[in-house]
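Paired with subunit B in one complex and with subunit C in the other, subunit A is shared by the two complexes that follow.
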Partner chain A sequence: MGEKEKRASNRKMPKHVAVILDGNRRWAEKRGLGTSEGHEAGARRLLENAKDCFAMGTNTISLFAFSTENWERPEDEVKCLMALFEKQFRAEMPFFQRDKIKILVIGNRAKIPESLRGLIEEVEEATKSYEGKNLIIAIDYSGRFDILQACKSLATKVKDGLIQVEDINEEAMEKELLTKCSEFPNPDLLIRTSGEQRISNFFLWQSAYTELYFPTVLWPDFGEAEYLEALTWYQQRQRRFGRRV
Partner chain B sequence: MDLNQSIRLLSSWIGQIGDLGLNLLWRFIHIVVSLWYIVSGIFEAIESYAISLGLNKKYSSIDLEKLRCLAVVVDIEAVQDVAKVVELLQWLTTIGVKQVGLFDSQGLLKKSKDLILETVPGSMLLEEIGKDFSPDGKRIALEFISSSDNKEAVMKAANILLQRYLKSSHPENDKGENFFTESHLNEALGVVGENVHVPDLLLVYGPIRSHLGFPAWRLRYTEIVHMGTLKYMRYGSLLKAIHKFTGVHQNYGT
Partner chain C sequence: MAELPGQIRRMGGGISQLLEQIYGFSRRCLFRVISMGPTPCHIAFIMDGNRRYAKKRGLEDGSGHKAGFSALMSMLQYCYELGIKYVTIYAFSIDNFRRKPEEVESVMDLMLEKIKSLLEKESIVHQYGIRVYFIGNLALLNDQVRAAAEKVMKATAKNSRVVLLICIAYNSTDEIVQAVKKSCINKSDNIEASGNYKHEDRGSDIEGTDMENQEKKIQLVDIEENMQMSVAPNPDILIRSSGETRLSNFLLWQTGNTQLCSPAALWPEIGLRHLLWAILNFQRNHSYLEKRKKQL
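Entry: the complex of A and B
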């Protein structure tokens, strides 16, 4: 997408777009390919779409790459996904640095392989000074886990005397959620591909007024045209955040 | 005017014309997408009418075994029209839905609770029945929910867990792993009156396509369907949405 197309489409762009990348396995099955090939195609699409999003003026993109429930998948598939994450982080590091994209990985890191954990820390450290473009990748994330870890974090702060019990409110809670890393923690637009119409434990707290868009296309096929359609749809929405017009 | 200035001026004009052209192209895309949605809407309305008339046998009987709990989100503008809400509940009773959670962010439906319970035949408050509700015949259990049951309830529940954590004797390096679990928070939500009935299907009535602050803790695997405005709701669309839900297969991430 060229510079001029970006300017032309600049009205009312979502500041934060969240994506549930669904459909890799079905995409592979339709083509007679293996599951790993589906996930590789999904990974390539992920970065292409991230580039388009930033080019169109979005500040933060959140990608639901691996949920807590995904650990229940076959061991080979899980290993393949962890290896794919490592491969993609290494391969795309020059892109992150060239385009000054801050990388943030949210989720419970305890079960992630050590090599991937170390690489994530390297990538986050190398990109932490960048501003204006945030790519949040949720690995071993669940919305309920996010709420619980925020509660624990507040409890620890009270125990350590950093805050009082009376200070605990919604605002305090939101500052402890894993999305606190972003200037725009609540997504304006959430896209879930493959036609499934649920948010599957992603950003439960953060999505109260998020526009939900459920296209039927499978994730590896969700390209620039499909993203433009999503943006057009979003720009026609009248967002009220629960208030009367 | 020298050559450089002329070139700069020409570049500026070309840039402006280019921007104008692309702006027009973007607006054209908007028009095409809007027309597509208008045409889809017309087809949906025709289909819904046909379903209401019973012309499509597929919808004549729906197996509701998977639909244990249905929730309805009503936009703040539409919630004033309680008669439409009552009509919707009557449709749901006819279809055979047994449990419905009614949500609006401001709690206006909670205030109209008595009127709704009096007007919808066979309706009763879910909290008066309890968890093991299995009604017979055309009966429907209703739960009235608002934003105070969402984040505010979670904060109150979190405070309960916090008090337990602070009062317990725990090692210095205990970060609350044994106090802040999903089951603990579920239990604490029950204590503050948030019943945590997890809806299988959420129908959103209004111009917006979000869940408008429906209790977040409950929404983990809920199917969310946007139904359009309450004012122009259609029985056929409701049947279709419920029928479609009964065919959904969830793998819960596995």
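Entry: the complex of A and C
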């Protein structure tokens, strides 16, 4: 049995893996390449890792592709990223359809270019009937924005008399958060590459009990071997959720 | 000859006092050097590993928490000596109520004893002029613990030098839900109030509509204001002992940009070197982050 299959047969596989893809720019700088080449290498690595991850039995993968704070980066870099997203969505449609991967893009779509917005809608529509493999891509997303929109949604329901304020509880919040699209909205494992040990406003509510893994390798260098190390580390964790083991 | 053991003991006591003074002096010098760099304003601690510590040493369960309390007092002393204004500790999570009743009761008894001791003259509260907040769903605590906590908050309300936030019967998701509920209630109260104004002042209907729409929308600041932890800025560093790297439903809203540290030491084993390591890392990342901000 190959390594991948061995992993897949092990029951303690994370159902939802979240990834903060950090380190593309530093990777490019180290090699004397431009930032856009760094992001392209990152995108290629992303698809390879997604394939491995799904092959090993993970149901949902979430990617922090573009945070609300990233709008403050140089205009050229932002344009390049938006163009890269468009290129990748177009190029990988056949792969998503062949492997039956449901694509969900979460975030505030108001500021992204219209062409990208239209393409996202197309991809989501084309893959909406697939089950068992979800790829959530966070574009112009922040954990606080997610909680705020959930709060606004609940406030509207209260105003319209659909629910009472007393009905607002953790379950009600989870039904409004943008991760409601997945059967496993809360990540079991969150990987942030490049050695930065912070969540940078990715999933806040959803990471309440998530195991956080911070390898020092830069994202474009995070391959199958590194992912297996992460899985080994995850499987050794004792998850108590506040109780005694 | 009979006086010799007494003399030796007095000399031994004198030497150990001297050593303590030398250690204290060196520590303060070291802190002066470290404070030349950027110092965190707020450090949060998840005090994990008390029970494993007791098991490791073959002690009974309760002793782990007692040893943990001593470690906490040392950490607070170091933090306040370093000039860190806010310290938050995760004392008891709402999830912890699901532990065995005997353990919950023993932890509550220990907490009651320690909360009461905060009001004593020799306590750390008076030594450093600490304002204490108890953050959490205090209604879930028994009457005695809740009363003691409220007494301490009232007694220290005028202190302003440094702040200690004790999260007890706390869950971040619970804190967020309470803040969301308050925001919804406040907004519907505002809407009712602004509705009255609109009827009376027909001259500025358009403006009134705009204002009404703005007031209707819940903003980020509304949720933030209603968070119990809004009395402190977001933590710069979060240290979780015992090597676990997860937040366990602690300060989820507040730690979006917080540096997370997870030393392998169990909480009662935590020492000055772990704190210094976290702060040195903070200083290193701080200059890197400032550099990146300038590049933008």
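In this section, the second predicted complex is superposed on the first by the 236 of 245 C-alpha atoms of A that agree within 3 Å, B and C clash if a C-alpha of one lies under 4 Å from a C-alpha of the other, contacts with A are read in each partner's own complex, and residues count from 1 in each chain.
Throughout what follows, a residue touches a chain if its C-beta (ideal position, glycine included) is under 8 Å from a C-beta of that chain, and two chains touch if they have at least 3 such contacts.
For clarity, every value in this text was computed on a predicted model and none was experimentally measured.
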Combined model on subunit A: subunit C and subunit B, fit or clash: clash
Contacts of A:V158 with subunit B and subunit C, given as first, second, both or neither: both
Which superposed partner A:S200 touches (first subunit B, second subunit C, both, neither): both
Touching partner for A:S115 - first (subunit B), second (subunit C), both, neither: neither
Contacts of A:L228 with subunit B and subunit C, given as first, second, both or neither: first
A:T216 touches, of subunit B and subunit C: first, second, both or neither? neither
Subunit B versus subunit C as contact partner of A:A208, first or second or both or neither: both
Contact breadth on subunit A, by residue count: subunit C or subunit B: B
Listed stretches 1-9, 37-45 or 199-207 of subunit C, narrowed to the one that overlaps subunit B: 37-45
Subunit A positions touched by subunit B in one structure and by subunit C in the second: 72-73, 143-144, 147-148, 151-152, 154-155, 158-159, 165, 168-170, 173, 196-201, 204-205, 207-213, 237, 239, 242-244
Footprint of subunit B on subunit A - complex, ascending: 4-5, 7-9, 67-70, 72-73, 143-144, 147-149, 151-152, 154-156, 158-159, 165, 168-170, 173, 196-201, 204-205, 207-213, 228-229, 232-233, 235-240, 242-245
Subunit C partner contacts - residues on subunit A that touch it in the complex: 72-74, 142-144, 147-148, 150-152, 154-155, 158-159, 165, 168-170, 173, 196-201, 204-205, 207-214, 237, 239, 241-244
Complex contact set, residues of subunit B against subunit A: 15, 18-19, 22-23, 25-26, 29-30, 33-34, 76-77, 105-106, 147, 150-152, 154-155, 158-159, 161-163, 165-166, 175-177, 179-182, 185, 207-214, 216-217, 219-226, 248, 250, 252-254
Contact footprint of subunit A on subunit C as seen in their complex: 51, 93-96, 98-100, 103, 172-174, 176-177, 180-181, 183-185, 187-188, 191, 217-220, 223, 244-249, 252-253, 255-261, 285, 296
